[in-house]
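Can you keep this structure in mind? I'll have questions shortly.
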Amino acid sequence: MQVNEFKPKIVAFCCNWCSYAGADLAGNNRLNYPDNVKIIRVPCSCRVNPMFILRAFQRGADGVILCGCHPGDCHYTSGNYYTRRRMALLFSMLEYLGIEKERTRVEWVSAAEGAKFSATMNEFCEQVAALGENKRLEDLRCKQ
Amino acid sequence: MQRIGVFVCWCGSNIAATVDVKAVAEALKSEPGVVFSTDYQYMCSQAGQDLIKEAIKEHKLTGLVICSCSPRMHENTFRKVAADSGINPYMVEIANIREQCSWVHKDKAIGTEKAIILARAAVAKVHLNTPLTPGESEVTKRALVIGGGIAGIQTALDIADAGYKVDIVETKPTIGGKMAQLDKTFPTLDCAACILTPKMVEVAQNENVRIFSYSEVTEVGGFVGNFTVKIKKKARYVKEDVCTGCGLCTEKCPMKKVPNDFNLGMNNKGAIYIPFAQAVPKVATIDPNYCNMLKNGKCGLCAKVCTAGAIDYTQKDEIIEEKYGAIVAATGYNPISLDKFDEFAYNQSKDVITSLEFERLTNAAGPTNGVLLRPSDLKHPKTIVFVQCVGSRCSADASKGKEYCSKICCMYTAKHAMLTRDKYPDTDVYVFYIDVRTPGKNFDEFYRRAVEEYGVHYIKGMVGKVIPEGDKLIVQGSDLLDNKQLKIEADLVVLAAAIEPDKSARNLATMLTASMDTNDFFTEAHPKLRPVESPTAGIFLSGTCQGPKDIPETVSQAGAAASKVIGLLAKDKLKGNPCVAHSDELMCNGCSSCERVCPYKAITYVDKEFRMPDRTTKVRRVAFVNEAVCQGCGACTVACPSGAMDLKGFKSKQIMAEVDAICK
Amino acid sequence: MDKLKEQILRTSGVNTLKCMRCGKCSGTCPSYDEMEYHPHQFVYMVEKGEIEPLMKSKSLYKCLSCFACVERCPRNVEPAKIVEAVRLMVIRQQGENHLTANDIPDLLDEDMPQQAIVSAFRKYSK
Amino acid sequence: MQTVTRNQLVEKAKELLNNGTVTRVLGIKKGEFSYDLTPAVFTSAEELEKEFEFNGFAAANFSKYLVKLADGEGKILVFLKPCDSYSFNQLLTEHRFNRENVYAVGIECDGFADYKKIEEEFNDGIKSVEFNGEKIEVTTLYDGKKELAFADYMLERCKNCKTKKIAAFDELLTENSDETKNTRFEEVEKLEAMTPDERYAFWRNELSRCIRCNACRDVCPACTCEKCVFNNPDSGVENKAIQNSFEENMFHIIRAFHVAGRCTDCGECSRVCPQHIPLHLLNRKFIKDINSFYGEYQAGAEVGNRAPLVNYTKEDIEPKDAVGRGSEE
Amino acid sequence: MKVSYFPGCTLKNKAKDLDKYARLCALKLGVELEEIENWQCCGGAFSMGEDEIASKLSSVRALQYAKEKDQYLVSVCSACHNVLKQTNYQMQNNSDFAFKANNYLAFDNPYNGETKVIHYLELLRDVIGFDKIKENTVNPLKDKKIAAYYGCLLLRPSKVLAMDDAENPSIMEDFIKAIGATPVVYPYRNECCGGYATLEDKNLVNKKSGLVKNSAKNNGADLIITACPLCKYNLEKNNNTDIPVVYITELLAEALGLKEE
């Protein structure tokens, strides 16, 4: 990696039961992924309010990824089904407003999918890095 | 303003090798609100815990940030440390700098930088943490067991023995389940009825147990310790408390052509029937689909012959409502339908049967009184072929069958083969197998006896096709060890059909908000450490509804489920998870969005009077979260348009503070 | 991976690792008795990379493409596709056609439908 | 031009006041100019005669007012146009007012005029605007009297009227109709067909004009929260007045998402926007997506319907397949 | 109603009766079989190689033709039907194959498996309806005991052919009942006759066909019906058992009173 290569800021929301555990498993198995991914633990992907995602972009995140249990496997039985609808509509709207769709993502990662977690993060970072900085949604005043 | 202490763990070299722990502790010192920051080799050790306790005292800390391994490892440890030192345990946040930092990054500078950011995010969250106290709720001291097979019976008996009330709900007119249909049981070959029926009687006579036979659960509300359940008692058209079980009506009933489902349709019964001699409760039941009296008002013979006056053609379904502290699912299994496997000719020949049908054919109380006669012509079969793994171990994309191993078939097939050879030594018995799986006490020895002492021919390979030709069944299959294709002329073919959860289980799981896997087996809370609990609090699992298992395993699981139930019922009050949703009634619109997304029906609405700024009052509909039911997923918080609904421990402001800290 | 095996797997689209060695394909095969290597052996030998004996075997031309093994395989392995892939590998080689136009006249009788000839050509030559 | 006349409405209102069915009437009060109309409550026949107005500018959606007004003594009369009737049902679905306190009279609608468009035509100095059949007569200070074709000066939402069906009423003053039109997504489709850069430029141009007057929110029948998140310091998005980029980046997205699945597409937001921002194009994008992802859904079509965002099926589209689907169709 | 019709090579030649009566009967039942213009031979057997493209293009052409006419694609010959359905399935489910095939053929509108391919028997059952055949039967074959011979290609692989239960089918038996005869169910009705191996291994074919014929005869049949010219040939060449073999369409024509003597 080059030193001055653009490193996007990635916020990853992970549900406590599957994806956060999947990320832990990636750690257990020493499966590397970029350090610019920072995980926020939520009980369920359905806890993630679109406002959090907008907030992240406003504060200078370059990409936001939301990870939850696979549909049908939600710890709370149906939380991720709501997530799926909310994010389908939110991401579609962001794209409609001209925000590159590659900056947002939902991925289902189970507690057993450490490898998938790591691969997803690598891929997502690369994808966001290719787009460069998020200038369209960030609020400069929120940056220091 | 919080007084926050930051504790950076080395985890030996696990963290310290890739994260400069001292630099992290140092960097965090300058964060607002942080009054103490240090590092230590093993924060979770007794010495580490003491260090934290000391710091809490000395620096009058109000909140803790522990930079260590995943919260899934030690969050509870550190919460307990906080509680022991007089801080609310929910004032602790963990920055996961091991699994999600030191273990996935190699460069120390990078790891250190990330660890600092993660710690800052945790500090930002702790600033907004508030003390949380788990709610308490009463426990109803009565358990419900759904399913009256051996699993349900054993669970109920064990709960009753501990002195608690327990109800069994069974859809069939009698308890007993599949085990009542079996002949002998492996590997001891004692007769199923001899060991089961005393238990059936015992459960019926236990004063702590009530049996609702011919009944179904129709509605489940409430939560752990406080379930409200509606049970439909189907009309059996016989007064249960009056019928003496003499059986006269069943003999006199002129309608004789009702397929006897207890014998899997291999013989007939009357429209009024008692499933089998040792049925519990031993009362008659009328099948309304066949009874002439119920269908067109003609007959009434059973009422005439009944000396007890138990027949009541006007009986209606009855709904009973009861409260329970715990619920056990014990809904059992069924063999799969073999419609998609007709290469084995199950639908084309009467002499191709399932193993469960074979049990009835060899059972003394079965359609042939225990004499092994084949269904088509009631002749003794001289050559019998058993086919294993019919519908088990199929790949998911094979569009038929089950992916899992049904687990019991190898053993019962060995049993069938052995018993046949024992009773009818002139019969040739072949078993086609893919693998013989016999883990279990005395299991493999049992299988070996079938081969070595009883001369059962085990053939490694699978049957490709069964060809009914004349009065023979030509079984074409491969013998892989001999590299041959065999054609065996058989008189009877027995298919070890895969087993699947009872169809009622899915509907029940929805009512219980208990999760299921793709095969409709109930999911356990943890596959190893909590195998008899469902992830939904207060719901327990017993027997094959959780996965294929044999009788000894079922009985031990039934006992385990019972002990979990007893542990729950023994408590007077339950502490809940304090990270639950909470609605700010001043902001609540009463719009029902939250109620609609709640998977636990934890939200109800109340009309509440509010004082308006102009001193008038207004009654508004507002949401009320039952904290004992809420599991804290947070679906409602996003559905709520006004932001009245928030999740304790994961408040919007807390999460946004983390976002801000990360994006800084 | 062995090149031949790789080619077979690609052409057939079959994942031989899915096979649980139950032998149902061979239990069901109508040409079993005519074959030197049987359907389950095709799957197993390809998995082990033993392709050459299969390529040399007359068994290749005994498969009737009747799809019985495909239909009945509990693991959806589709053994017939493996047989076909090995056969294609052979007949795609220069001069390795199992059937040539010159062979035809001797094999014909006046009732034989065109279908027999075209399908035999499809299966036996390139 | 409206088929329903002011006098018809006044007569109906008087009748219902007189026979005691209602104690109050929700309507529009005359202003200085014909386009200067304010919703108001009338309690007597005299007030109605004197001040009740209904003309080609009377486009306001009445349903939102019921949240506050349906609490008083006796029933309140509301006249529901098709647009209003959907909002009416949606508010009932969300338990926002008590149905028993309202008497609803359904009235057909032929579309309303857009004063902003007329104003643009004449720069300044409009003295009066009168409606005469298919014509609009405008008298100005400088040019005297001019005639405009009504059809050319209709509100955008009326030109693309989604339906003329009245979805809720106690009685109908006029005929109900099943007429529907399917042109309202054309603008959205045009935007979808653009490149992300073009779309970004389009929206930046539109949203940067926002002055955060909050008129869109205040008029929106889906925005009836007891406390708006933008006014709530605890919500994390509190923002009462103009900031430089919040409007462009956040405010309108959050607002649109908040009403997604509940917005009936009544078009009030765009009608009242003093900066002429086509806000309906945000709401319609959500509606279009909802229709295409989860099946046709019209908020407020029936009371008690489950909004798409508080519902799901196990086979729902994945977000990655959803994004950008509009432009591919 | 009109449907696209793919007759196939043999029906134009050795199996003219199969073709002729298929058209006549369908017409009588209200369906016109419109022969696809310039159809090319399907190749007789479906090539299972994933990388086999050229050999499937003639089928794709026929499928595209039917798509443009917005018609069902019907064939009578079991082999053609099998090739068409399998090719169509591949066009639907293998995007790589579909992409390449479309590239080769350079259609104006790419073909992606839109056409519904049905066998003549499916046409009778699902489009026309066996009841209608019953109504139109003027010459019910009352005393005939008929064994339906499915062979392999009509049913398998059932995931793709999706016509009937591959192990215990009923479509031909129901057809036999519709024309007033009695079906004979026998275990070898879905076993292979030996197929194209007839060209070089008469012995193999003789064994396989013999099993089928014996089984039909032993179960009391006095006639075997088939939809496949190669099956018919193979069965007839086996002379161990004496039982006639006729095409389904011939039998249908007889029942409908269309058979020319």
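In order of appearance the chains are A, B, C, D and E, and numbering begins at 1 in each one.
The definition used in the following text is that a residue touches a chain if its C-beta (ideal position, glycine included) is under 8 Å from a C-beta of that chain, and two chains touch if they have at least 3 such contacts.
From a predicted model like this one, the values you see are computed outputs, not experimental measurements.
Under the contact definition, chain B and chain E share the contacting chains C. Contact with chain A and chain B alike is made by D.
The fewest steps needed to get from chain B to chain D, moving only between touching chains, is 1. Nearest to the common centre of all protein CA atoms is the CA centroid of chain B.
Averaging C-alpha coordinates per chain and comparing to chain D, the farthest chain turns out to be C. Counting C-beta pairs in contact across B-C and across A-D shows that the higher total falls to A-D.
Set against the C-alpha centre of chain A, every other chain centre is closer than that of E. One finds 61 Å separating the Cα centroids of chain D and chain E. Averaged Cα coordinates give chain A a centre that lies 48 Å from the centre of chain C. Mean C-alpha positions place chain A and chain D at a centre distance of 36 Å. Each chain gets one centre point, the mean of its Cα atoms, and the points for chain C and chain E are 24 Å apart.
Of all residues in chain B, those touching 2 or more other chains are 343, 399, 465, 597, 639, 652, 656, listed in ascending order.
Multi-chain contact residues, meaning those touching two or more other chains, occur in chain C at positions 68, 71. Touching of two or more other chains is recorded for residues 229, 235-236, 309-311 of chain D.
Pairs of chains in mutual contact: A-B, A-D, B-C, B-D, B-E, C-E.
Chain B contributes residues 586-593, 596-597, 605, 618, 620-621, 639, 641-644, 646, 652-653, 656 to its touches with chain D in the complex.
Considering their complex, residues 9, 11, 20-21, 23-24, 26-28, 30-33, 35, 38-44, 46-52, 55-56, 59-61, 72-73, 75-79, 82, 86, 118, 142, 144 of chain A touch chain B.
By the touch criterion given at the top, residues 50-51, 54-55, 57-58, 71-72, 78, 81-82, 84-101, 104-106, 136-141 of chain A touch chain D in their complex. Those residues of chain C that touch chain B in the shared complex are 18, 20-29, 32-33, 38, 40-41, 68, 71-77. Across the complex, chain C meets chain E through its residues 10-13, 30-31, 34, 61-62, 64-68, 70-71, 78, 80-81, 84-85, 88, 99, 107, 111-124.
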